[in-house]
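Below are two complexes that have chain A in common, paired first with chain B and then with chain C.
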Partner chain A sequence: MSEAILSATGLGRVFKIQHKGRKQDLHAVTDLDLELHTGRTLGVVGESGCGKTTLNRILLLLDTPTTGEVWFKGKACTTLSGEARREFRRAVQPVFQNPFSSLDPRMRVGKIIAEPLSTITGMSRSDIEKRVGEVLEAVGLQAADARRFPNEFSGGQRQRIAIARAIASKPEVLMLDEPVSSQDISIRAQILNILKDLQAEYGLGCVFISHDLATVRFMADDVIVMYLGRVIEKGTAQAICSTPAHPYTKALLAAALPPDPDAPRPELPPQGEIPSPLDPPSGCPYHTRCPLKFDRCETVRPPMFAAPHGGAAACHLLDPEIAQ
Partner chain B sequence: MPDTAMALTSNAGRFRAFWRQLDWPLRVALAMLVIFVFVAIFGPWISPYDPLQGSLRARLAPPVWQEGGSWAHIFGTDRLGRDILSRIIAGARISLTVCVIVIALAGAVGTAVGTAAGYFGGWTDRILMRLVDLALSFPVILLALLLGAISGPSFTNIIIVISLVLWSQYARMARGETLKIRNEDYVDLARTSGLSDFRIIWRHILPNIAPSLIVIATLQVGIVIVLEASLSFLGVGVPPPAPSWGSMVADGRSYITSAWWLCMVPGLAILFTVMAVNLVGDALADRINPALRGRNI
Partner chain C sequence: MMTLETETPLLEMREVSVRLGRGAQAPALIENIDLKIFPGETVGLVGESGSGKTTLGMALMRLLPPLLDQGLSGEIFYDGEDIANLRAGELARLRGGEISMILQDPMASLNPIFSIGNQLKEGLRLNATAKGNLEARAIQALESVRIPSPKTRLANHPHQMSGGMRQRVVGAISLTRSPRLLIADEPTTSLDVTIQYQFLELLKDLQKRMRMAMLFITHDFGVVAKMCDRVAVMYAGQIVEEGPVRDIFNRPAHWYTRALLESVPTVDHAPERLPTIPGSPPTITGRPRGCRFHPRCANAQSKCLEPPVDVEVGAKHHAKCWFPLRAQRGAA
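Let's look at the complex of A and B:
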């Protein structure tokens, strides 16, 4: 496969927080690798609080990782400066979860969409105006809407404005952090379809973050599954959503999908509560809830083992030695 | 042509609709405010006499409603025979000038400090807010008296002293409001669009916190007028013979038994103006940010 357009190696993010009067380390993301290739969509799944948004912010250079590095077209992002950084900003654009927070209430829609154009690209005013009209129409709104204010639009329309803004600078990567979670069910499909069409049309690479395996299956080509800030399984969307290897992914899948005779039986419900990222468990992070855990899980952290579906998963049960 | 006519009637109509929903104290206050500003601006053209030149023959003339008063000097004259109405009119101009300069200065400094503290957080915040605490604990009257003793009463001193008292209000408000919106997604999106911190503050933070700052500015007008009058009364404000309302009250002190109007007239001018300003300020605060109502800065 070609070189990744955006990738991360060994990413870690520790927040220093004040908890119960003590300074503590919160491990939001730990030792995380990922690769995004042009034209493909990488799904990131995991429960609430597992570090998806933290990961997204690091990949967008809005936050600096405590360890590890983000790579853009083969260059380390910490070394990007001036022109290269501008190119990154043009090429990597986000859509956030809450469309009521992503549009400045005091700016007209046209100005909101033009913001990345006027700061990063050297386009002339008339070109910018034309481009704003184009992208508004691309997301199913009208060019005339550029003169209106955000409060004149519904949540779904606002999210489409946010998408229009994201694609205005002709980016190569879209970072989508739960872009439909705040929408009505009826609007979700509409937004997802717009995203999918745009992705196909422009050959965009997308990072699609969601806690919902069903939407990820619809959107993504490849999937990584996160648990307590770590990747515990990765593979193609097809593989992860039909024959997951990690007990956690199996449980997620069972929870996400309606009973289906072809799907694996939900024989493995997770036990207990999700542990706190303030004090991640030793060994396998999932061992506190895993119905299949055995001695080694408590002490040794499993590396990524090749999984039968062609991807990999961090579970001792996949260790070829144990399987024997 | 018909377009302009339309616009005019619709503006007049909008004004009438606006006027009708005000209660009567607010209408009176608004009218008084308009008169104050008008007088302050056009004073030199409507003033009946020169406020600085008196005629000793007309010394201490009583106001028109007193025995011996005349329409020549409606509010009477002071100990140098200067027309009090003319001095009140000139005093309005001084008050307004001080208000405009102080509020612009304190507002600019306070807003800059507050938004920087709120936006950058961390050490910047801690240092800048220490500065604000310091400003709040500053013995201002002492400073004013000191400055006055060193360099005599001066217009610059009074501007500096009052601004020193008032800038911290803007800083605190700007910081609080900035904290509220700095985590909005549109701020992060501005960053991913390559805007510098300065431009983010300028384009996104300031327009969104402006309403609250405008409310503070309105609520401060009354305070500035009172402070200016007080400092002038103490002899460290606007230097004589300029007729600040405060120094007029001070001038009249020694005649309080024989010619009480010398204190009364400028005193009432201060009272009515400040009341009008506060009423309008509170009404505005109500509309823009109800949380600030009745706040006694």
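Let's look at the complex of A and C:
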């Protein structure tokens, strides 16, 4: 496969926080590797506290990792400055979850979309105006909508505006953090289709962050599953959603309720609470909730083992020595 | 649980509307709602935001803000009594006792400055049979929602608990007086998916044990499929289709229901594109005449400019559509 457009190696982020009067380390992301290729979508799945939002911020260079490095087209990024950093901003654009807070209510739509164009790309005014009209039409709105304010649009239309802004600078990577979670169900499919179309048209690499496996199945080619800051399983979207190897992924799959009243009861239903990332369990981070745990899980953290679906998962049950 | 023909409904709404003002022409949040809930069954109320599902739940409890409460018309029979005409004192007897409620955000339901023991006992005190040993009853209530070490948890304040645990505490509080009807308004929307699953299992289990009826308000078809016996689909203030859960999923009659079901991605397969419904739901003042879905409907015809009548499309299955679908989903 070609060289990754965006990748991360050994990524870690520790927040120093004061908790109950004590100074503590919160390991939001630990030892994370990922690779994103042009024209492909990497799904990142996980629940609260799994570190997916911190990961998003680091990959956007909005936060600096404590350890590890972000690579864009083979160049180390965390120390970029000046012109190189600006080029990164042009090439890697975010779409956030809530278009009610990600669009400035006092700016006209045209200005919202044009702002990054003038600050990052330094395009001329007439070029910018033309580009604003183009991207608005690309997301199913009209060029004339540039004169209106965000409050004149519905939630779905606002998310389209946010997407238009993201693609205006002709980026190569889109970082999508739960882009449809705040949308109504009849609107979700519209937004997901637009994202998929844009990706195909411009050959974008996308990172799609979500808690919902069904949406990830639709959007992503490859998936990483995160739990308490670590990747616990990776594979193709099809493999993760049909033959997951890690008990946590199985629980996530069971919790993705199918729209079918006669769906069979899941094999491994989820149980237990998500532990606090401030006080992560010893050994395997999932052992406190795992129905299949055995003594080793409490003490030894499993490394990634090859999984039958061709990907990998961090579970002792996949250890070839144990399987024998 | 299937309902028997002979059973009388625990709750029956007849032509219930909530209008912004008193006149029949005033814009309506919900309009001409007919809905029955039988003892022990779960009725799902699905719809998008602005469809009126929360307004309907609030109207049932007479918890609408005063201005909207004045715009309430129609009859709401609970156990033979018309809630729509009750005075404040009589309502207080029903609320929390006969009919209880779980809302979306447990942090907004619980009082942040009182311990959860305190908030549990407040409800227990109202229950005549529970007087005496409040502490023991409170511990029991927490045990019933599977909260570990309930005794120490009584002293906790809401912020010391996780979201899932808080919602279970809200559940415990709303069930202290053994209600016969529980209105659950998006009770799991703020929870993580694995926590949502466990809460739904718990709720189902408690319902079975207490023989309680439930109105489950949600926008999530997966949750409906798991929880409900019957489903009412709302669009723009009206119930556009209602029927047994299997019929709604396998043989939807309204074009809106089918289009909505088809637009939901599933983990089983990834199509190239998802089928979509064009446009977005109308606002309260911008509702189209005739069938309210017709501007977005794939099968809209000139007839659809007239308000559709409710037609029977199967056993206890009806839809407000001039051209209801009759085939199995996927076969058409």
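As a working rule, the second predicted complex is superposed on the first by the 314 of 324 C-alpha atoms of A that agree within 3 Å, B and C clash if a C-alpha of one lies under 4 Å from a C-alpha of the other, contacts with A are read in each partner's own complex, and residues count from 1 in each chain.
The rule is short, and it goes like this: a contact is a pair of C-beta atoms (placed from the backbone, for glycine too) under 8 Å apart; a residue touches a chain by one contact, two chains touch by 3 or more.
Owing to the predicted nature of the structure, the values given are computational and were not obtained by experimental measurement.
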Superposed partners chain B and chain C on chain A - clash or fit: fit
First, second, both or neither for A:282, with chain B first and chain C second: neither
First (chain B), second (chain C), both or neither touched by A:98: first
Contacts of A:299 with chain B and chain C, given as first, second, both or neither: neither
Residue contacts on chain A - larger count, chain B or chain C: C
Partner chain(s) touched by A:142 [first = chain B, second = chain C, both, neither]: neither
Which superposed partner A:78 touches (first chain B, second chain C, both, neither): neither
Following superposition on chain A: angle at chain A, chain B versus chain C, Cα, nearest 10°: 80
Chain B versus chain C as contact partner of A:165, first or second or both or neither: first
Per-pair minimum CA distance [chain C against chain B, superposed on A] in Å: 20
Interfacial residue positions of chain A with respect to chain C in the complex: 47-48, 154-157, 184-190, 192-193, 196, 211-215, 217-218, 237-238, 241-242, 251-263, 269-271, 273-274
Sites on chain A touched by chain B in the complex: 57, 60-62, 85-86, 89-90, 92-94, 96, 98, 101-107, 112, 115-116, 119-120, 162, 165
Complex contact set, residues of chain B against chain A: 184-186, 188-195, 199, 204, 207-208
List of chain C residues in touch with chain A within their complex: 48-49, 162-165, 192-198, 201, 219-226, 228, 245-246, 249, 259-261, 263-278, 280-281, 296
